[in-house]
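Letters A, B and C mark the chains in the order given here, with residues in each chain numbered from 1 onward.
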Amino acid sequence: MEIDEDRNNKMRAIASELNILTRSDGSAIITQGGSCCIASVNGPLEVSPANIDMNKAYVEVIYRPKCGLPGVNERYKEKIVKSLCETCIITQLYPRTQITVQAQEMDDHGGLLACAINAVNLAIMNSGLEMKFHMAAIHCGLDSDDNLNIDPEYVPKANLTFSRIQRSSRSQNFKGNFTFVFDSTKKSLIGVNTDGKFTIQQYNEAQKLCKDASRKIFDFYREMVKKYATVL
Amino acid sequence: MSQEELYKTINPVKYLRNFVEKSLRPDGRDLLEFRPTIINKDSIATAEGSAIIKLGTTTVICGIKAELAEPDSSEPSNGFIVPNIELTKLCSPKYRAIGVSLDSQIMNQTLYNILFNSGCVDLTELCIAKGKLVWVLYCDLVCLDDDGSVLDVASLALITALKSLKLPKVNYDLDTKVIKVDDTIKKGINLKALPVTTTFITFEQKYLLADPTSDEESIADTFVTIATCDGQLSYIYQPGGNSLASEQFESLIKQAGKREKYIISLLENIFE
Amino acid sequence: MAACVGNSCIPGETLQEERQESSDIRKVVLGDGLRCNIVASSEEHSLPVITKNGILRRRKPNIYYVDSYQKRYIPSKNDSVIGIVTTKTLDFFWVDINASEPAALSYLAFEGATKKNRPEINVGDLVFCKVVLAHPDLEPELVCVDSTGKKGNLGQLNDGIMFSCSINLVRKVLNEKCRLLHLLSKETPFELVAGINGRIWVNSNSLRKTILLRDTILKAEHTPYEEMSNIVNDFATELTGIP
């Protein structure tokens, strides 16, 4: 299903499909403008003795880049996605098990971390794991004229740099990048990651804009549920 | 084991709650008070730049080794800074004993983000001859004792070590490709900004605690890491967990700003 | 936010049904996808919260549950499941039931089984059994007898084919509203065992027919109840081609 671009809200068009992988317990593909990400969720599965937790499920997140081998930057993103998954899944219901989440970048036109988080949320939703709430991630860019752009689209240049630690995938057009994650019940902030330098006012304003925009993603999730619930 | 220790082992959450309800922490601090900070620079004689930072008992040592290398062809006038932190069983039993741990990989990326988001170092300053020769700064950090807030200490150690860095003068002959290192003239690099990282936790959704110890970290609802420089924000990170009200967030930013001023004054004292 | 019966619901919404119909009975039974007190210090702690995505349903007088999509099985007491025997130990068969860990099936949990007279089941065999113990902290336990010690429909499944599907499909096939099995049985005689763990076993007098049955059942997953007769008609047409 799709939601068309709304000029007033400046969000890119979102399209998504659930259950695209036949073998995973839950899977989803989402495109936001030109950015695209696939996520798959498996679980509860048997857990290896090293990771066993007597009180809750162990959540493993694998984040795969669009090209090349996963590096330190991917580990960093895995950490964010992992703690977000632990927040939205009621892991206490599945003790001594493992939940494996894999996110695969497909195409990068900006805001890919937000796109991946949204894909993971849809995949968890599809897997039937019990959740506390939905989460919606929104990307916001601060350009050199100090204007905030919600969910901006950019066409990346071929990245020739290869260093041991990858520079965070920052768009050259923006001096600041924000990724905010909100929950669906209280619409409050549950995760932030930022990039670049900005003032407190800019940060607060970006958060407010993204909070308003998150409504659209939550509406989208609800439509998805409505759509697939018709064949139950 | 004393009664108190026993209580702490059996019910760590209630133990901390009893303290925090009276606006006090088990180690006698106020909720938003930091542990004493000790900064020592030039601690390693063989390194080009070094620092030891202690925050309470959390200790991180940083040594910078400078090497010469050919630059990346896509950025011919940029040098390299490679932070690498070691988190081993030495500092805390929670880390894996062998191999590069996931925690240290994540912290390396975080340190890198904090350093470059603030625009602290201009990599072109590390250039000796464009496209031919640049400095590579291997910033090796070792955590000797992890009693919480390692990231704050590690980033401060990195910044202090960079500030104390003294690089020898290097002459590169473009025709003969001969490198001459003049050890008598040593020069530091110009740091454009000094990002200061501050970690907070929330406990039981309503209490905000600054500079958590590892006991407090283990029962925290969520972490918030804020890096500030020159009154601006350069890094905000909250990885899920419980949500914070916006007033709570604003008060944290304010606290981080205060902390920045204090740390900067400390650094100014040392580098006078 | 409140969820209404018959509508789609998402996690975090609260159940706020008017209770006038059941005012004499204050108790509400919460089924799959509804929980109380998931957040310890929530102000709305008295209201049940939805934890799954799907449609909120109510069965009279006051049983509420969420109809949701799921592939992975989470053991629950009294479920009938199809398992594959993976290991034999001294006292137990260990059976894979599509859950996070294998389930235990005692040698003695068969009709007429004694210490000396053990059931003849080997690794790889299919068993249709009931879950008698399902607790998140323990491995699930299965039996192949009912409370009176009779085997009833339970026991080993021979011949036929078993296939995996989503748990929803099994629920759908077993639903009274779904006329699929009824319509199919008019076309051809067959045996079918539906395990609520997302496994269905079918058998008929020819293998090609069995495979055709499997395909028809899998097709039902995305077919609304009213259109079941269409896929059965397709099945009937295909069936004529089989000798």
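One rule holds in what follows: a contact is a pair of C-beta atoms (placed from the backbone, for glycine too) under 8 Å apart; a residue touches a chain by one contact, two chains touch by 3 or more.
All figures in this text were calculated on a predicted structure; none of them were measured in a lab.
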Worksheet entry | Chain occupying the most central position, where position means C-alpha average | A
Discussion item. From the C-alpha centres, identify the chain that is farthest from chain C.
Written reply: B
Item to complete: Would you kindly tell me how far, in whole Å, the mean C-alpha position of chain B lies from that of chain A?
Response: 27
Item to complete: Round to the nearest whole Å and give the separation of the Cα centres of chain A and chain C.
Response: 32
Worksheet item: Can you give the whole-Å distance between the Cα centres of chain B and chain C?
Response: 53
Practice prompt. Find every residue in chain A that makes contact with two or more other chains and list them.
Written response: 88, 183
Fill in: Complex contact set, residues of chain A against chain C
19, 24-26, 42-47, 54, 88, 90, 93-98, 125-128, 130-134, 183-185, 221-222, 225-226, 228-232
Worksheet, complete the sentence: chain B contacts chain A in the complex at 72-75, 80, 82-83, 102, 105-106, 108-110, 112-113, 116-119, 193, 222, 229, 231-246, 249-250, 253
Discussion item. Going by the contact rule set out above, which residues of chain C touch chain A in the complex?
Written reply: 1, 8-13, 33, 35, 38-39, 49, 51-55, 67-72, 74, 99-101, 136-137, 167-168, 172, 221-224
Worksheet item: Which residues, counting only chain A, touch chain B once they are in their complex?
Response: 72-73, 75-76, 79-80, 82-88, 160-165, 167-168, 181, 183, 186, 188-200, 203-204, 207
